[in-house]
Amino acid sequence: MKVLYFAWLRERTGTAEEQIELPEAVKTGMDLMLWLKQRDEGYDYAFEDPDLIRIAADQEHVEADADITQAREVAFFPPMTGG
Amino acid sequence: MKVLYFAWLRERTGTAEEQIELPEAVKTGMDLMLWLKQRDEGYDYAFEDPDLIRIAADQEHVEADADITQAREVAFFPPMTGG
Amino acid sequence: MQPVPLKILVTANDFDVAAETRRLTEARKDVGAVVTFSGLCRDEAGTLSALELEHYPGMAEAELKRIADEALERWPLTGLTVIHRFGMIRPGENIVLVLAASAHRRAAFEACDFLMDFLKTRAPFWKKEHLTESNEARWVEAKTSDDDDATRWKKSKI
Amino acid sequence: MQPVPLKILVTANDFDVAAETRRLTEARKDVGAVVTFSGLCRDEAGTLSALELEHYPGMAEAELKRIADEALERWPLTGLTVIHRFGMIRPGENIVLVLAASAHRRAAFEACDFLMDFLKTRAPFWKKEHLTESNEARWVEAKTSDDDDATRWKKSKI
């Protein structure tokens, strides 16, 4: 699965994009955030408040409890500030 | 007093602008309309439904029962259709 | 920074939306939103030769200014422009232009919307339709929906 | 007459409001109203060097299209254009442009307003402020007022 990070999530993780093999236990966007959080200090800081973070699966907004196991691309980002 | 007519009021009265010496009994815009209506066929036709007609005194909208005796300029016109 | 001076123009000529937008934004850093309304002459049926716009010179400008002053009082605008044409206007041509600029979009949207609602019901302009098929011409009748639109702005003093 | 095809553009370049207006009105006689929203980079305090606009390529266009399709379903529009810039944008420069055209003004106003409310809360763009006084840069925080604006459109399915 391709995983993308934007804005301060990109800066904190130090990663714009990576390939991840989902562990068996990870089903939802929230599961994935909690799993990523354990990786290292940067990821821990990026996901320190997972409730704040928005998730897209295959370029569509999804809720944190939505199943993402079938997605080819998952993205994490802060609330949007365009316009 | 200068009296102006616009749109179909101008066409029906055959007059764009005229000077009128107000008769003593005429105090309001409605009084003036009823007085004008008696003048001839064209004015009678123009003011056949006085409740429909809008009035301005010195280039400001006024109600039909407002005193217009002090105005230098009074105008009669149909509901507006600009924009 | 002072707002750009209010511009009210009643003219037979067409207007330039880009130039009017520049007038409200150029050399300023306090404008976050510009909302522009352009009103055009329609002719879906293909029966219209032109609209003839008659106005009350003097009062047209004065009334537009009264409506604009009310908008400037109600919303924190950095600029406001109202242009209304008169004379013969062909299908597809411009009739009216309102631009409202502000730091934030809600004020600009509401002021522009308000301006158009009151302009429609209070500014002394009248439209006459000249038809292609005949020498006939007929005055456009006022729509009660326009009065309804104007009553949406309940707080208004005008 | 068919509506002008929907135009969604995410670009580093500035836009031309006059050209975009022409695209929605030229050679048509069914457009009575064009409402245009321009969003600009503000800097009232004089401390901003530039806004850096980051976006999610692919999803930005897709999400703008979803919002635009919802607007086209809700209002009888003759044309709709949404342009959003990314990259470095200086104070006074354009950020976003929405044009909605319709036979009648209410539809054009509401569609444009709706587009901006949902664009603000759903389109994947993020602003970073670069300051003049330091090398510091900070991410702009989302405003809850934007969420409130979006909830005004209760019927919305998105």
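As written, the chains take the letters A, B, C and D, and residue 1 is the first residue of each chain.
Operating definition for what follows: a residue touches a chain if its C-beta (ideal position, glycine included) is under 8 Å from a C-beta of that chain, and two chains touch if they have at least 3 such contacts.
These figures come from a predicted structure and were not determined experimentally.
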Find out how few touching-chain steps suffice to connect subunit A with subunit D.
1
Taking each chain's centre as the mean of its CA atoms, which one is farthest from the centre of subunit D?
B
Measure off the straight-line distance from the CA centroid of subunit A to the CA centroid of subunit B, and report it in whole Å.
72
Whole-Å gap between the CA centroids of subunit A and subunit C
48
Counting only Cα atoms for the centres, state how far subunit B is from subunit C in Å.
26
Starting from the mean Cα coordinates of subunit C and subunit D, work out the distance between those two points in Å.
23
Residue numbers of subunit C (touch at least two other chains):
39, 116
Go ahead and list every pair of chains that touch.
A-D, B-C, C-D
Touching subunit D in the complex: which residues of subunit C?
1, 16-18, 21, 25-40, 42-44, 46, 91-92, 103, 105-106, 108-109, 112-113, 116, 149
Which stretch or stretches of subunit D touch subunit A in the complex?
39, 53-56, 58-59, 62-63, 84, 95-96, 116, 119-128, 139-142, 146
Subunit D-facing residues of subunit A, complex:
4, 6-8, 56, 59-61, 75, 77-83
